[in-house]
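Below: the structure, in structure tokens.
Labels A, B, C and D are assigned to the chains in the order they are written; within every chain, residues are numbered from 1.
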């Protein structure tokens, strides 16, 4: 298998500088959106919006800054396994708190 | 590839001379085999301490009323017994000792992916273990909270809870590092031809275990850390006096600690899956089902934690879901048991010590599993929760299961690891003493528990006396067996018959193709694999004659 | 051995049901194991046969246990749903656990350290802890519920026989955990009424002084 | 991790993908460490909604927003430093790493002022002022201090790691042929960023 291969060059090409700036800009815009939205009272939707935006931001960081997009697919599976564990724990825990 | 230092593969890992000499050549070695041996020594030392505490507890309970110690001592001793046995013996027992030693060899690698990290995790293990021991001698006395550290008692207790918590935190870290090392190693370092379905089943179980170690341990890490902050700086997180919810602590504790139960049992199941085909001289029955059931156990095992909390007053929905999932998690274990028994069918069976331990494992683990089902049933649980029934149940799983699994592994791999043979007769005598003593010690606890004997009791009502007495007598038999077993293994190291035979038991997995004891890089040339493990062919049975001599 | 009540019967039935199935399966596994070890011992059976598995067999021993455990789940759940639904006409007593004793506050305003209840009347205990976690456990009634600070728990039972039964603390609570015993004393209706009267008189007399 | 094997004197072989895989697994443990606290946060927030809203008003959204921008920008510079080293632009890479450290320092200074303002007002764990507040508010501030505190600790560790990498880059140990350690440091830094992406709305924006 991969035992002895000398990958002095990582197998994939990292994206150039431009895409990083683009993502950075998007992240700033999204931050602006959450802060603005937080000022408006959406009731329960406020939290939902804030979390959705946070998820989008994380997705951008994970895929571009952290190179998940170009990594071996097994990395993506790993991330999903970890997230799955966390989310399932949270959901199951809430069966004790919110469905009484 | 750079040239090897000369002689790397001429001498065994035991004799290899690296940069350091003497003790240093061990405690600073990054060789996975030496690290495995370091873990073995430290784990067995802690085990001896844990056994002593257990023995003293049984002695105290031989009669009602105070016998040999005061209640405070008793409470500290059961706490330490739990902390030591769980964090320092059962959790590292198989992955860190035999996993470290054999995982790279069995997948045909020279070492794990991160050898230095591996050494670091042993150091953390040692530091954590010493911290737990040191807390005994600090003013204030050892922690008396039980190994579960339930809030609010763990915030109120005036004893040395902090060192115990820190010890558990550090040990958790050590466990995480081992886990991530193993996952990476299995993904990256399998030898040529070693596809996923050619992996030995021990590797499958270690792989599943490693995932739980990586994902679940941090949750208890942070939970214990929060308790540290509460004690130290008066943070309000779980403390009910500051508005916290003590039940939330229990949830977080068990989100880790239930999967941890599978960290403890899965590798033992893997060992059993190795031993049974070897000593039945035939291929394993249902390879894929056993492999997938390991993964299924790791997955489902993460979803059932709240069955430790059926009496805390959870919502009906939570009770329903967690009880149901608890019953479902029994299925993969049942599948394994059935496949093991089926593997005996039409074999050519040798009853050497490893096999005896493996068979005892199946029996004792089954009892542990079945009594687990009883607790999964909600109404029954409300009666037997927190009684000695539970104590009996988890000792059947953790000691009868994992403990016997560790003993099986020791008898199976000992000659390979050290190039010395142990004596068969004392090994078998020790086995029978252990088996009988174990049942005499723990079975009465089922009965007592059903009759209403709560656990963690320093004293008890007179009607439970006969059961307690019987149990204490059992502990003596058990300890006699342990002494004989360890003496036998120890004297094998000193004066046992030397052997360089590669395939001592006639196994088909890769560790039996390496020299005995293995050289630093395990193999001269990395082996190639072309078929599944445990494929016994008729012409492989030629060393039948040699085997006859061994047995 | 223990006072009969329908709840206790349900718990015991669920326990016996699981025990019976478990015992049968354990026996099956153990007997097969021992039989194989002797029958196919290497001395008698020199040559092993490689059998890689059988999918129908795997399905069989996956599906059958699933059905069995679902049965176990059902009986356990039935008992529990009874234990979690106290009748509306229950007599309520407030129970406070603290290191290391129990206090029972009656609706009539007096309190005791031993629980007295009338026979055949559903009793609902409202549980609360003044310090650390405890657990209120009456082995004879097959019932237990944790007593926690900052959280309201309850437990109910309907004692059908008179007598005196042990109450233990089942959640570890420190030094004298194993001595945190008290009793629940079940009296006939008339005995209970006279006991209650006496208690009320005493407590009002106490207040008068 | 190639030097690890050199030091050990045997098994000389390099596996960059394996090293990254190991790093990711380590990140999961970090993720779940914070995940455990997010779980606690969500339960308490669910139980004490009104009090959490009240308590969050005490936090300064401006500080939070400012710090978010700082951290996002430092993530950008970190990513750029890796891209630079791949293109063999050593000076640019070192510069970007230094900028990242600088931003991290800004973040911590900002955090310092924010915390001292709170402590100055008597709001810190165990303070009389805090103990007079409602249960939900005590829990909120307990979580606030622990979560942002632990995050701050991660920032400090990150700075140390990046500084170490900068030295390595200057010395040439990290170069266009071998930069997996810088990548690993980058992954760590981005994770610290992601955690902040969630901390920020949960503590500062729920007023």
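Everything below uses one rule, namely that a residue touches a chain if its C-beta (ideal position, glycine included) is under 8 Å from a C-beta of that chain, and two chains touch if they have at least 3 such contacts.
Computed from a prediction, not measured in an experiment: that's the story for all the values here.
Here the chain pair with the top count of touching C-beta pairs is B-C. The mean-CA centres of chain A and chain C are about 46 angstrom from one another, to the nearest whole unit.
A straight line joining the Cα centres of chain B and chain D is 35 Å long.
Centres computed as Cα averages put chain A at a distance of 15 Å from chain D. The set of chain A residues that touch two or more partner chains comprises 2-4, 74, 82, 85, 89, 93, 97.
For chain D, the set of residues touching two or more other chains reads 13, 15, 17-18, 21, 25, 28, 31-32, 35, 39, 43, 47.
With touch defined as above, residues shared between interfaces to two or more other chains in chain B number as follows: 1, 187-189, 215-216, 219, 243-245, 247, 255, 316. Touching pairs of chains, sorted by label, consist of A-B, A-D, B-C, B-D. Every residue of chain A that touches chain D in the complex is listed here, in rising order: 2-4, 6-11, 14-17, 20-21, 23-24, 27-28, 31, 34-35, 38, 46-47, 50-51, 53-54, 57-58, 61-62, 64-67, 71-72, 74-75, 78-79, 82, 85-86, 89-90, 93-94, 97-98. Chain contact summary for the complex, chain C toward chain B: residues 10-11, 14-15, 18-19, 22-23, 25-26, 29-30, 32-33, 36-37, 40-42, 45-54, 57-58, 61-62, 65-66, 69-70, 72-73, 75-84, 131-133, 135, 137, 139-140, 142-146, 148-151, 153-154, 166, 168-179, 181. Remark: chain B residues 1-2, 4-5, 8, 18-19, 30-31, 110-111, 113-117, 176, 179-181, 183-184, 187-189, 214-219, 221-223, 226, 229, 233-237, 242-245, 248, 252, 255, 520-521 touch chain D in the complex. Residue ranges on chain D touching chain A, taken from their complex, read 13-18, 20-21, 24-25, 28, 31-32, 35, 38-39, 42-43, 46-47, 61, 65, 68-69, 72-73, 75-76, 78-80, 82-83, 86, 177-178, 180, 183, 186-187, 190-191, 193-194, 197-198, 200-202, 205-207. In the complex of the two chains, the chain A residues touching chain B come out as 1-4, 74, 81-82, 85, 88-89, 92-93, 95-97, 99-100.
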